[in-house]
Amino acid sequence: MNIPLTSQLINMCAALLLLIAFAMLSQRRILSLINLFALQGLILAFSTALVAHTSNQHHLYYSAGLTLMLKVLVLPWVLHRLIRKLNIKWDVETMFNIPTIMLVGLALVIFAFNLAAPISQMAGTITKSTLGIAMASVLLSFLMMITRSKAVPQVVGFLAMENGLFFAATSATYGMPMVVELGIALDVLVGMFILGIFFFQIRVAFDSLDLHHMEKLKED
Amino acid sequence: MEIFWVLGIPLFGGLMMAVFGTRQHAPEFNSALSFCTFVASAVLTTRVITGGPFSIWGEQFFVDAFNVFLVALTAFVGFTTSLFSRPYMRIEQHHGKLSINMLRLYYSMYQLFSFTMLLALLTNNMGILWVAMEAATLTTVLLVSLYRTPASLEAAWKYFILCGVGLAQALFGTILLYFAAEKILGAGGTALLWTHLNEVKTQLEPTVLSLAFVFLLVGYGTKIGLAPLHNWLPDAHAEGPTPVSAVLSGLLLNVALYAVVRSKVLVDGALGTHLAGNLMMAFGLLSVVMAAFFLARQKDVKRMFAYSSIEHMGLMTFAFGMGGPVATFAGLLHMTVHSLTKSAIFFAVGHAAQKSGTQLMKDIRGLIKTSPTVGWGLALGTLAILGMPPFGVFTSEFMILTTAMHTYPWTMPFLLIALGVAFASIFGRMQLMVFGETTGHRLPHPPAMIPVFLHLALVLLLGLYIPPYLADWYRQATALIG
Amino acid sequence: MSYSALFFQLVQNVLVLLAAPLLLGWINQCRAWLQNRSGAGMLQPYRNLIKLFHKDAVLAHNASPLFRATPYILFACMWLAAALVPVLATDLPLSPAVDVIALVGIFALARVFIALAAMDIGTAFGSLGARREMLVGFLAEPALLMVLFTASTISQSTSLITIVETLAHKQFVLYPSMTFAAVAFFMVLLAENARVPVDNPSTHLELTMIHEAMILEYSARHLALVEWASALKLLAYMTIGIALFAPWGIAEGGNWNALPFAVVLLILKLTIAGAGLAFVETMSAKMRIFRVPEFMGTAFLLAVLGLLTHFLLET
């Protein structure tokens, strides 16, 4: 094993991202969930900057900066504000059977690693082996969205999925063209603000942010 | 330059409506903006017909026969829907369902929604296409939740989450596409441009592209409303304002299908097999069958027609999946006539529901007595969507079915049974709603029936006679898709 | 084999025996400081042991020979385990026996005996504690094995000596898989040594106690041996952790000159690890017994993830 140190650091970041994805999957507290999300963004920004440094892809520095701004500062701040205003800062979600969820998550990770294996062999980037982890985090965030019944954790899962996709883009291709990345960032930001407004409306209409109340529209 | 106007007018309009949307003549202004967009798109269309495909601004935007036909359709239905929403929204306001600020939001988002759809159609960049689709989701989420009722919030939430997740898959597909393209075209802005990809499609890595297509199909397929990812669609259609249901069904689903077809062209080139087509056929067939059986169980009229949209989108996906000149031609024709017919039906249904004060079909009765235009509009629209001759839907469905019979005979029983079930359930209910004793009351504003009959007349025309330039145009698009 | 190696093996054996209560004392002292108490001093465990050895043992009437033998077996197992782990040097007479699976086996043997002894008297608490202990052990063992397997796939050997040599000797490499393994190992350590989130060594609350429930019937020298064995077990786990995740500075091969440095470094590492353990214990609250399977399941999961990450990122 003669991998340069920066590459090892990137791999380390990837492993940490996977760890955080699992931590989010099992986290019951909304506040800690948001903090984990911010941490995920921070690691993502750091690893992107590392990739930019090793591969001399200067546009990745902008991506890293964008990630830092958006996902470490702005979005967690918005979320913190939201949960403070909605007075759900200390909400704890009751989730059943965390071990089962974890096992499903483990199966997803194995699936993702297998799926990514042929693709990462084709990639020419130094980060190619992390593609499997990126895919796994996407799937894990997806699982988190399915298993949560409250609105805020679902949204955090959604944003975490976006993080996973971003990481996939970095590890497979050194990031998307800048114009696309800007567009995606704009969409995420706008979506977040819309959701913020949404939370209040849901709260007014249902008197709760628990989505169990939102099961009226069903097929008979 | 026309592209600039086609995109600039709705974007500018969205900002203008955000400022002036509370004025008394905002609805007229909204229609005027949509009309200008339509005129610009018509000019663009004539230019493409006479001059052939072209691209501008560093090839970031690209027009060929395929997308210009959708641009024209989108602008046209956008315009007629804005005409329809003028009295419709006034009635809703009169009924106290909407405040003036909600109307401002509606007009602003309506224009921005048109902008995002046109951007998705006109952009040459697969990444921007994704961005535009996501932006279209965001604007429509706000439109669906316009009434702020618990049901509409629930529908909007479901819509946002499901389509958000779906589009995330599409983003992953786009990343994989870029990954494959970057090897041939080099890193940077050009590797996601469709025209460039199309030139080198045979050299793209087949494994990566097939995986990318699966993600793209699942992602944009959510947006098309393909089963089993369709759950958001009936809710969003039933709970949003009717003009929004009309543009969702008539336009947004088409745009999503457009994205899938564009991807399919690349994947087919890279793989040289029929994998993409087979996947699309499977999803399409499943949607047709599933939607037909859900149709029979609906009580809400807008939900029922939403399922009918799923069925027709499934049929189109199936047609594009089969490929070949006839099926693709039929798919394009079906896109056109379905857009026109379905939006016309939603216009009529919207007024019918306003008359009866409910969307439940058992409470909508005897439309033809209180308001003959609405009644006839609904009756004719329903006949058209069910594929009765001489309407255009018959032509396209007939072409799809004959091709299917020829190339994939085993699909015939499924398709025929599904279409039969759909026919029986919709037709029976339409009869009860249109004829019989009435419960309705007069509307405070005269209903807008011109768009309904304009659309139906066009569908009838397309059933009887396809103008040569239109046929030529379809043929060009068919040649592009292959 | 040289006499010096034999001598160092003896030194290590005696050293771990004497150092174990000190480590426990240090952790307790740290906890006291963190909780704003003045604490009993680092030497308190020694005083406890001396006190217990001076008392007369009391045995239940129906105690079998097994009950009486268990403290000695326990003590022997833990001493052996603690003495086996390479903490100071890698080339000792006992080194060829240091296989990670064997180590897990020694711990399991001790567990079986203490559980049997707890049920031997037939009191409710003993059986309860034994049952809980087996539950925790049943879940912790696979997690521990997975952690060790991760380390052994890196070094291609299940011998702890080879693992330590691989991890300490070669050029500096970051192993993402070891991050997962470290977290999992720490969780196993907490559970196996009856530390706070899983069990609380300083209470006798019947609803929550696990380890203490099993040794309620012991007194005097028997209790002293059991307590000492627990301290040895904690030391063994900590040194295994150090060997796996921070083995730098160990005296390798026959390099006896590096030994003083290794001793100093080991003391430093243990001090830091003890303080860290105390910190975690202070920061976390005792979890309900029903949550323990979840906790251990997470540890197992992390260990498996470590293994998977190894195959993905490091091959």
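Labels for the chains are A, B and C, by order of writing; each one numbers its residues from 1.
The rule is short, and it goes like this: a residue touches a chain if its C-beta (ideal position, glycine included) is under 8 Å from a C-beta of that chain, and two chains touch if they have at least 3 such contacts.
These figures come from a predicted structure and were not determined experimentally.
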{"item": "Chain contact graph, described as a line, ring, star, complete graph or other shape", "value": "line"}
{"item": "Most central chain, Cα average position", "value": "A"}
{"item": "Maximum centroid distance from chain A, chain identifier (CA atoms)", "value": "C"}
{"item": "Chain centre separation in whole Å, for chain B relative to chain A (CA means)", "value": "31"}
{"item": "Inter-centroid spacing, chain C versus chain B (mean Cα positions, whole Å)", "value": "65"}
{"item": "Centre-to-centre distance between chain C and chain A (centres being mean Cα positions), rounded to whole Å", "value": "37"}
{"item": "Chain C - residues contacting chain A, complex", "value": "172-174, 176-177, 179-180, 183, 293-294, 297-298, 301-302, 304-305, 308-309, 311-314"}
{"item": "For the chain A and chain B complex, residues of the former touching the latter", "value": "57, 115, 118-119, 122-124, 135, 138, 142, 145, 151, 154, 158, 161-162, 165, 168-169, 172-174, 176-180, 183-184, 186-187, 190-191, 194-195, 198, 201-202, 204-206, 211, 214-217, 219-220"}
{"item": "Touching residues on chain B, where the partner in the complex is chain A", "value": "125, 127-128, 130-131, 134-135, 138, 141-142, 145, 148-151, 153-158, 160-161, 164-165, 168, 171-172, 174-176, 178-179, 182-183, 187-189, 191-192, 205, 207-208, 211, 235, 238-239, 294, 297, 299"}
{"item": "Chain A to chain C touching residues, read off their complex", "value": "1, 3, 5, 8-9, 11-12, 14-16, 18-19, 22, 26, 98-99, 102-103, 105-106, 109-110, 113, 129-130, 132-133"}
